[in-house]
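Below are structures written as structure tokens.
Look at the two complexes coming up: chain A is in both, with chain B in one and chain C in the other.
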Partner chain A sequence: MRYIEQQAVVKRMNGRLIANSIFKYLFLAATLVALVALVILLYRIVSQGMGHLSIEFLTNFASRFPEKAGIKAALVGSLWLMLVVAPTSIILGVGSAIYLEEYAKQNRITTFIRMNISNLAGVPSVVFGLLGLTIFVRALALGNSVLAAGFTMSLLILPVIVVSSQEAIRSVPRELRDASFGMGATKWQTIIKIILPAAIPGILTGSILALSRAIGETAPLIVIGVPVIIQFLPAGVMDTFTALPMQIYDWSSRPQQEFQTVAAAGIMVLMAVLLFMNSIAVIIRNKFDKRY
Partner chain B sequence: MTTIITEKPRIDTPTQKSVKKAVYETNQLNLWYGTNHALKNIDLEIKENEVTAIIGPSGCGKSTYLKTLNRMVELVPSVKTSGEILYRGRNIFDHDYGVEELRTRVGMVFQKPNPFPKSIYDNIAYGPRIHGIKNKKILDEIVEKSLRGAAIWDEVKDRLNENAYSVSGGQQQRICIARALAIEPDVILMDEPTSALDPISTLKVEELVQELKKDYSIIIVTHNMQQAARISDKTAFFLNGEVIEFNQTDTIFSNPADKRTEDYISGRFG
Partner chain C sequence: MRPSVQEMIARSNGKKNKKVIEKIMPVLLFLIASVSVLTSVGIVVTLIVETITFFTRVPFFDFIFGTTWLPFSNKDAQFGILPLIVGTLKVTLIATVVAVPIGISAAIYLSEYASENVRRILKPILEVLAGVPTIVYGFFALTFVTPVLQSVFPEIKIFNAISPGIVVGIMIIPMIASLSEDAMSSVPKSIREGALAMGSTKFEVAWKITLPAALSGIIASVVLAVSRAIGETMIVSLAAGSTPRFDGDFTGSIQTMTAYIVQVSKGDAGYGTTIYYSIYAVGFTLFVFTMLMNILAGYVSKRFREEY
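What follows is the complex of A and B.
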């Protein structure tokens, strides 16, 4: 006896095919909604800010007069911030990822730590701002300097770097470790010569994406008390500074209509920086394309 | 293939046999993965310059035993052992016996070809480099000698700087054998080295094993009984974590003492 009746299957075929195409268009629509929103956003900003974008805009300091307002202090400030955030967060993040993946024993405590690192990645950035205010600005008396803001931002993106580095390290095939250990290599030799080179594309991609999140964050900077209008460039990490998102936030909250175009131009600069960083991540990923 | 083997003089003539020294002496070895008793009271003596094959059905402990010989089994968490394994007279479980030191004397070739994602040259030079050899000229010589030893020099000598993954699977496995030779080991452990290879590559590796036993002691785990019969001098039959029978390969295959060995080699199970 047969369980599947051929005629019944044929009868049901039409309905299945209809459902098939319905879902196809449903998902297409979902993609289009996001895409259209993005295009509208970009169009508004570009059409508004294009007029104000010029070399002077990049080389001028902030000003009371919209036509003279420039983004120099914020752009250089953001670069200073990256100078602190990148080494701090990558060294700490990759270091903890190596410890958790390679050295730590599998037990309840490490499982708990792993789980909570993922949870930390979901903590709102304003909370990290308050943490930075308490520890770096007040307790360590760093003030609203590049260093204090950099450390705060590092803490903010650390969980993301740890998690992505852990994944990159975990994806290195076991066979490669076995081969290295089998030849009498120590754990450290295996990590530095085999595991890290194989994991570096994943680690760098994750780190750069995390850094581009740090460059766009505003809330922690506000909480720390980073000023907006500055007429000088920081000379060192102990100086105060301002950053791109702070500057944009300030311009967009001013009453004069002209400042809206200045803000739009600022957003374009910020997006150019983000696009530049993300394309570096893509280039790294393609260049080190794994071959095992 | 059998003709190649039978043309060779048998090495185990009684006069020579007494000269051969033991490389490994395993005494009452027990091993547990957690609560799973994987190896039970293993007693085996492995002689130098011989090929010792370990056969048995899946899960019988043959790979575990092989990996115990260079303590790679300890990479698995919650492994416990008792008993002793003497390597050249010294217990490898002694606290002052570093695993790194043991593994520089005992090379290993794995089931799946596992070259590093580096150039062929860097793959071979990896072992010597981690043991501190930096001189480029010496490294060059080691690389050539090892690749020649693994009978792959002529195939790759013009592409030493290419990625090791650019060659075929069979060539990759011989590169892995060359990589193991580069640390100038005393013993080579092979864990089903041909299970991922095609018949031609398998033949090449088998011929290579015959060559290598002049200079090295080889212990090979294999699923393939014909392979064990073709290439080994002695064969150990494992079943459920125990050594059922250990003898000259000829004897095991022509006149096994234990009924279970006979059943296994005649294909009645496994």
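What follows is the complex of A and C.
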């Protein structure tokens, strides 16, 4: 008895092999589309913006004249924004993660909080802007200040920080915990002296990546009413300010060709800030990877 | 002399505030964790309250079935949201057409063909692409993709639906690729090896074994990416224009829901005007769209998961 029609198999073999290699290169080509898009994007921005990038660009305020336009107010404004967003979002995010991983019982409230966090991650950023406009700008009367924008951004990136902190806390080995309890430490002592120090690299990596998302986010700032042309630097968290992406948005949407060059230079500054933050995250990740 | 362990425990137990801290911390952390719930409640309540105020001025049915969006007219302002929805769907459609085949093909390549070394180069590139701020994509769409398209198809206007659609598509490729790859990688090796041992080619394994087995995860990733595309704001604000239109034209200026919110926010529509409340009504519609997509994604990945 013959199980396989040898003739039939041989006949079809060539076609199958050809299909296999065609599709292999087709799939590879699709993957390379992403790479090509990234290269073109970076090349375009650098070739356009390089000419405008100078020390004056970093130290000048915004201007009606493209050649005088600088990014000082936006750069300092973004730093002020981070001064509010970093502590707010990390305290809220890590606190939530500790609660969910260490204290939360398996009940409906916990399931609800978890579900809620994953749903919050899917809400468009412009909707967070509407929340900030109503609650922080109007109801709490913070105006379009650094504080109002900072709180809005903190809520926007909260889900990302919670999830990455939860993963970091979960990856701390059980033995460390058991040993700490075995030595007579209480739950809070174990959390603050054993678990958090062990989870800190993971928490930091996740938080920095989340903060770099906040620094590039534009839509909520526009909705809150963050202005663009500002000729002074904020002196405190209640002052009005402008931020890098706002400034870039304003320059990009101007009709004059010259402002596109300015926008490209602004994007280079923004990308440099992001690159700096991401490399810190990568360094932390590599340094502390697989300690256990 | 260092104190013995017993002494340390005794000393630690003697501290007055220790018991208080153990009692307070769970409560405090619970309150912190509730901030995310409060945020959701805040979003929903804000949107609903302001939208209700909007509906006291504009009839509900005029809003959801109206085919003219003319908010800035002094005499005859009309708030029919369909043109904004159509604009959003145009961009989303093009983004999906661009991103789904490329994203899934990339996922297949990464999970079925790529060696460990190749993967180590390609995955960070996808991560970088996912980390580029949307304002940068918007600039790219306006100053590069649109002119390139115009040089090939002269009938395309400076603001159109195609260029932002393509760029939104590029933006969501990494999302589809990495989530689909996760789904494919979780298909057990034994099934694949079984098919290979029966004489299948790699392509046949990918097409007939891995893809069907990971289908629920792949569909969920696409739905999530579509939801991202619907909510995308800066690319469409910069490159799609601000002309709400209820037709099937892709080459001219359109307006999406998100772009309308931006347009009103950067002008100064006074607090309390109908235009001011209209951004909440549009925001609420947007919120409902994305929420439904997210729920659908969760349902698909749970309901149709293949268990091994």
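Keep in mind that, in the parts below, the second predicted complex is superposed on the first by the 263 of 292 C-alpha atoms of A that agree within 3 Å, B and C clash if a C-alpha of one lies under 4 Å from a C-alpha of the other, contacts with A are read in each partner's own complex, and residues count from 1 in each chain.
Throughout what follows, a residue touches a chain if its C-beta (ideal position, glycine included) is under 8 Å from a C-beta of that chain, and two chains touch if they have at least 3 such contacts.
This one's a predicted model, so the numbers in the text were calculated from it and none came from an experiment.
Peer 1: Under the stated touch criterion, which partner chain does A:Pro173 make contact with: chain B (first), chain C (second), both, or neither?
Peer 2: The answer is first: A:Pro173 touches chain B but not chain C.
Peer 1: What is the contact status of A:Thr186 with respect to chain B (first) and chain C (second): first, second, both, or neither?
Peer 2: So A:Thr186 meets both chain B and chain C here.
Peer 1: Just chain B (first), just chain C (second), both, or neither: which does A:Thr152 touch?
Peer 2: neither
Peer 1: Using the touch definition from the top, say if A:Gln106 reaches chain B (first), chain C (second), both or neither.
Peer 2: Only chain B; A:Gln106 stays clear of chain C.
Peer 1: Which holds for A:Ser78: it touches chain B only (first), chain C only (second), both, or neither?
Peer 2: The answer is neither, since A:Ser78 touches no partner chain.
Peer 1: Looking at chain A, which partner touches more of its residues: chain C or chain B?
Peer 2: After superposition, C is the partner touching more of chain A.
Peer 1: If you lay the two complexes on top of each other, which residues of chain A touch chain B in one and chain C in the other?
Peer 2: 183-186, 189
Peer 1: Chain B touches which residues of chain A in the complex?
Peer 2: Touch list, chain A to chain B: 105-106, 173, 175-186, 189, 193-194, 197-198, 290-292.
Peer 1: Quick check on the complex: what are the chain C residues that touch chain A?
Peer 2: So the residues of chain C in touch with chain A come to 5, 9, 12, 18, 21-22, 25-26, 28-30, 32-37, 39-40, 42-43, 46-47, 50, 101-102, 105-106, 108-110, 112-114, 122, 125-126, 128-129, 131-140, 142-144, 170, 173-174, 177, 199, 201-204, 206-207, 224, 227, 230-234, 237-238, 258, 261-262, 265-266, 271, 279-280, 283, 286-287, 290-291, 293-294.
Peer 1: Using the touch definition up top, name the residues of chain B that touch chain A in the complex.
Peer 2: Of all residues in chain B, those touching chain A are 70, 72, 75, 77, 99-104, 107-108, 110, 112, 114-118, 126-127, 130-131, 163, 165, 176, 179-180, 183.
Peer 1: Where on chain A is chain C touching in the complex?
Peer 2: Residues 9, 16-17, 19-20, 23-24, 26-31, 33-35, 37-38, 40-41, 44-45, 48, 91-92, 95-96, 98-100, 103-104, 112-113, 116-117, 119-120, 122-131, 133-135, 138, 155, 158-159, 162, 183-189, 191, 209, 212-213, 215-219, 222-225, 245, 248-249, 252-253, 260, 263-264, 267, 270-271, 274, 278.
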